[in-house]
Amino acid sequence: MNDDVMNQLKKDYLYKLMLENKRADGRNFEEYREIEIQTDIIDKAEGSASIKLGNTYLVAGIKIQPGEPFPDTPDDGVIITNIELLPMASPIFEAGPPREDAVELARVIDRGIRESKAIDLKQLCITPGEKVWIIFIDIHVLNDGGNIMDAASLATTAALLKTKIPEKQYQLGNNNNDDKRLPIRNIPIATTATTLENTIILDPTNDEEQIAGTKLTIITNTNNTISAIQKSGREPLTPTQIQHITTLAKEQSQKLREKFLEV
Amino acid sequence: MNDDVMNQLKKDYLYKLMLENKRADGRNFEEYREIEIQTDIIDKAEGSASIKLGNTYLVAGIKIQPGEPFPDTPDDGVIITNIELLPMASPIFEAGPPREDAVELARVIDRGIRESKAIDLKQLCITPGEKVWIIFIDIHVLNDGGNIMDAASLATTAALLKTKIPEKQYQLGNNNNDDKRLPIRNIPIATTATTLENTIILDPTNDEEQIAGTKLTIITNTNNTISAIQKSGREPLTPTQIQHITTLAKEQSQKLREKFLEV
Amino acid sequence: MNDDVMNQLKKDYLYKLMLENKRADGRNFEEYREIEIQTDIIDKAEGSASIKLGNTYLVAGIKIQPGEPFPDTPDDGVIITNIELLPMASPIFEAGPPREDAVELARVIDRGIRESKAIDLKQLCITPGEKVWIIFIDIHVLNDGGNIMDAASLATTAALLKTKIPEKQYQLGNNNNDDKRLPIRNIPIATTATTLENTIILDPTNDEEQIAGTKLTIITNTNNTISAIQKSGREPLTPTQIQHITTLAKEQSQKLREKFLEV
Amino acid sequence: MTKPESFITNGIRIDGRKPEEIRPITIEVGVLDRADGSCYIEHGLNKVLAAVYGPREVHPRHMQKPTTAIVRFRYNMASFSVEERKRPGPDRRSVEVSKVSREALEPVIFTEYFPKSSIDVFVEVLQADAGTRTVGINAASVALADAGIPMRGLVSACAVGKVDGELVLDLMKEEDNYGEADMPLAMTQTGEITLLQMDGNLTPEEFEKAIEMAQEGCKRIYEIQRNALIERYKRDIETEEEPLETPEEEPVEVETVVENEAEEETSEEVESE
Amino acid sequence: MTKPESFITNGIRIDGRKPEEIRPITIEVGVLDRADGSCYIEHGLNKVLAAVYGPREVHPRHMQKPTTAIVRFRYNMASFSVEERKRPGPDRRSVEVSKVSREALEPVIFTEYFPKSSIDVFVEVLQADAGTRTVGINAASVALADAGIPMRGLVSACAVGKVDGELVLDLMKEEDNYGEADMPLAMTQTGEITLLQMDGNLTPEEFEKAIEMAQEGCKRIYEIQRNALIERYKRDIETEEEPLETPEEEPVEVETVVENEAEEETSEEVESE
Amino acid sequence: MTKPESFITNGIRIDGRKPEEIRPITIEVGVLDRADGSCYIEHGLNKVLAAVYGPREVHPRHMQKPTTAIVRFRYNMASFSVEERKRPGPDRRSVEVSKVSREALEPVIFTEYFPKSSIDVFVEVLQADAGTRTVGINAASVALADAGIPMRGLVSACAVGKVDGELVLDLMKEEDNYGEADMPLAMTQTGEITLLQMDGNLTPEEFEKAIEMAQEGCKRIYEIQRNALIERYKRDIETEEEPLETPEEEPVEVETVVENEAEEETSEEVESE
């Protein structure tokens, strides 16, 4: 159980470490924790991946079903992204409708995929104006070890890369062979930094998040452009800090992307 | 108003009676309270019945409307069962969305009807895959005198036996004569027992329910087979207790069914 | 911030004034505050009006979209009226689903329009039984200075008088000229009185409403008939009081209507 | 249901009533055993049940008032009470009806006797056929008396409507659906009006006359409410005279059906005025 | 998915099992680091995670009980766990499953040790393939033990069904969808039944036999649960023997996969009974 | 609305602005009399109202913080503010906008002065035309000052976007709908960034330049906010000089329309940079 006194001690301890240029788990400030991704773990889903980013553990599942397009984009497939901060994942998460953190996480993940044009939505049209493929991205957070944003982004991209369109199940395919893969055009990767006093660290743990000021997430694409940014938290950032984080994000996402493409 | 002290006294009194092989209302352990069923009491409904089971008083109303079938059973009518534990029925019921007790009651009643194949759903198809009859079973509990389960089951079956399909109203009938009756194939009856220390009693009153451990409901059919079972409550049961209750249920439901068919 | 003591002092003060035949803002008992109406203030809406009735400030916006008729009136357009008592408008309003005051206000405004046949719903039919124009009346209350009912009624009528049907936008018009106006047949006006001890005053401020007993709203039409009445509040009224208010309403609404038609 | 060609033929309405005649009313008092007070009314084809709990502790606590009881009123229509099945739970109409019904009853309740408490009134419409809010108020008023809540008197409610240009008392369904006005009104024994709503179209003169007609209707209904309570009271006295037959702990609720023809006759007298 | 022509051919079910054989089960204990206890089970194609928090303070406060802990149980299916995407959040089915699962576990928990507290059990179904409520109870039972909640013993759950007129243990999806009966049951170590539900069609004789079969299934599952906990306990002891490698503040959670073939063999022994 | 063939022709945008020009802004301070502070802004075609209540007691109580005030922010779009009627009540977008807007303002509020209190900010979008969240923050910032909430300074917000491959300040609707990037940013007087979001596609170099442009935009908006407050302050002083005309009890709120052309001119100066 959490205890206010314990928390204060924990904070003091982490601050003390910071001053000595150290983190509690021995990482460098710009180092990610170990990452373990497994794909195709849910047979019932059209695509899926679990990720362990340090102690953070979540599953992204992709379901695809035919449905109606939005009126203003009658020829485009639809993406619906949802994240569940399950009460099993942390003592502070509660059952119930998604709270603002969950809404923010889902919307940023969604923007990363949408704005990077990761999925070719035009190819998901079945009958223009009437029927398109609906991509449901559902992320279930099972253990909050911190930095859910990057973990969710990585798992989602990993799952999308393996996702197949269930043409046969819905008798909507043109060929009689295997279901074709989702048309992926880009690989967006989120990199999140946080400020601790004047230090910037990447991939914060949940303990670090508790004492951190503000997080800045940069989602970068294969060609190094940026497709989404989100500042989250009540401390301000200076332009210099932002510039610094952008540079770190560029480097880090490149590393993660390489790791990914090997998956 | 309820009072903790009063409740404790009541409990002590009921326990004392138990030890003397008695119940507060003078019944045998395996005896039901007096039952009074009235059918066709709501003109606006396609079928209806009220029941007084001792002080328990409720009304089951059946509405039938055309609608869409479920995708996985395109040729079957649809049953939707709902129970309202109205705040007028007990000082502990509250207005608002159904709580777990109401959900459990409705789902067990529903399973009894569905699994016993009481209604021939195939005959409720209007246009295969497009339009079927939707049977809405709504049970409104007006006074909770205990054993709502059995009362609701009896009232529902009684109402279904008198229900007519509103073919004329929706201009969907084939003949010009009277509306035809709902095709009933079976008469499921719920029998509920509860344990009080080592005693088993049938048809508990609400006072008895308050001190009871666990209820076991057995829904039996015309041919004496069982179509649904539900244990409800936090005390465990032994296999011997379960077997004993099953035997009682078989006898009791036969009696109730005979009474019913005379309705 | 509100303070119980301040409120009591305020009440005592207002009562004292009443006894001297005075109101805090110097008005006569049967006098309305200054009214300022602006129409066509929201370009995105098909019709709109803001009103300042003393300190009461609200906006009524009319949106029109094609949609399905109600099954029992297949050839009639549909009116949907909603009022939002925004938490910005008063320290006692809260965010969330509409509470009973908001529901009551919306429903009375709606009845006034509907029962006076202010809008010719037959003319809003596009394809009988399939497609009609849906009129969404949304009233956003920005500052509660009292007598929201009359302000909302005036703003709504003012907005409706200027509303155009978006035939071109939905490619549903017959002519190629300008969108035609909503067919308005009547100009219903609400007049609200409240009782303060034995005195009757019109157009109460929010301070007066706090100490008032009961409000009575009379909605009258162009030809002086009454199309809606609503008593709201827990004090009873005598038939004499009702008759008196009806007479006042007749006079007052005539004045307001004249003012309106000049708009 | 289709609109009849005419609502009044030779002074007789489509259900055989005269313009100022109310529908037959049956009242049972004390029909529920868990509630502190209850009442079942059949009024024409309306079937309405009311139950009262309280004064009791208020939940949630922050709704408590330090100097008075709060009155809560929940009007609810059963899903099967109307032609088209109603989805369970409150809709906007029932929220409004609950509000005005509560305000119709509050003036006669001595809420100041029970600070920090609530008096909860529940009305369940089992079958609806026009006028359910007035029937609900009538039933609730009797149920409050049955619960022993201290009151200044009963509240009685009745609607007046307009069909074929003529004012009629106590609209039934067809008259309500296709009529030209509907005005429900509730009244205390002393003639004070505690509920008043109207929709449709009335001239000021018609409105004045409608109020008078509604008041007459309320008086008729008051008599029926009163008799039902007396009948119930009589029963209690009779019960006390034969104490040996009733178990002491749980007094049996014998239901009283107040269906005496005398009242129906009286209500016809009113019509011929 | 279409109905197979027959479910049992030469005594063998469509997935190769014998009638009284349970599906392969894999249990991992302590897989989550935030929860006080946790357990991951793969049971056939079901993939289910359980986590336990508590005893901890109850929110909201008014749910506190002065003399005992309350147990809360939330069964949840992931949106992607089933064929047709499930809308997030509780539906009526999950409300009922949560209730009966809670009641299946409460009897073995010493709730009286922790007045005013709550013990919160969360079950997440990542992939569903018939029998998820029994798998959830099995996982929750192990997670409660992992959380160090004082218990009278483990609870084990298993379903019996009927296909082709024959009773079979532990239904898989096709058997569940097209079968004739499904009866989940949960049992304490001492043989007391804490969950019992049934739907379908059973004669009284079949029902009696089904109870016996389910009890045998529960006993097999109990062994697997027990071994997983022993394995976990062994690891903790081994960890203690090498204290230098583990940081003192945050003990690393090494995951244990209890997939030992011994158990699978034993479960086949049961089948051949 | 259809996509224009080109967004910039001869250095001029479709609404006549230069790339680094903001839309015309009009600010009125103190427009509501119930709220403790308020502000109405017209920014291009956007029409946005902000109101502030507080510091005041927190309801529900459990949200109170013992050492600081909580800030709550509710961004709401009127149903009629957009092309397609918006259903009343919060959707996912408004939940996110409310969160980031609150975080944009919190850094400048001395919340520590008001333990256990709340400062409640309400933003109502009456007409939307791209950039409503920045307009809402600008209005809220002025309304906080009008409410007399102690602040380190104002917050100013502005968006930068990309159309036809070129960065432009303060997108209007067509540019937002069909543009290539949108980056709203909020800034304190001292240049610290309190809100930053982006979606679309920017190279790192473009991003760097976009930040600079947004900062310039914020500086321009800050001047307009400041002038509006000065104007309002002047009025109060003037009012005090003529105390006889104002009733003592309820000071009349004279609305100030800060529409002075000076500012518009200044903002054009910026464009020509």
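The first chain written gets the first letter, and so on, giving A, B, C, D, E and F; residue counts start at 1 in each chain.
Quick note on the criterion: contacts are C-beta pairs under 8 Å (C-beta built on N, C-alpha and C of every residue); 3 or more make two chains touch, one makes a residue touch a chain.
What you see is a predicted model; the values in this text were computed from it and never measured.
Looking at subunit E and subunit F, the chains in contact with each of them are A. Under the contact definition stated at the top, the chains bordering both subunit B and subunit C are D. Relative to subunit F, the most remote chain by averaged C-alpha coordinates is B. Per-chain CA centroids place subunit B at a distance of 59 Å from subunit F. As a whole-number value, the distance joining the C-alpha centres of subunit B and subunit D reads 31 Å. Averaging C-alpha coordinates per chain places the centre of subunit A 48 Å away from that of subunit B. Chain geometry summary: the mean Cα position of subunit D and that of subunit F are 54 Å apart. In subunit F, no residue reaches two or more other chains under the touch definition.
Shown for subunit C are the residues in touch with two or more other chains, of which there are none. In terms of inter-chain touching, the protein chains here make up one closed cycle, each touching precisely two others. Here the chains make one closed ring, and walking it from subunit C through subunit F gives C, F, A, E, B, D.
Against subunit F, the residues of subunit C that register as touching in their complex are 1, 24-25, 41-45, 48, 55, 57, 59, 61-63, 65, 82, 84, 86-91, 95, 97, 136, 138, 140, 142-145, 206. By the touch criterion given at the top, residues 92-93, 95-96, 98-100, 102-103, 106-107, 183, 188, 191-204, 207-208, 211-212, 215 of subunit D touch subunit C in their complex.
If you check the complex, the residues on subunit E that touch subunit A are 31-35, 38, 45, 47, 49-51, 53, 56-57, 74, 76, 78-85, 88-90, 120, 122, 124, 126-128, 249-250, 253. Considering their complex, residues 98, 100, 103-104, 106-107, 111, 114-116, 214, 216, 221, 224-239, 242-243, 246-247, 250 of subunit C touch subunit D.
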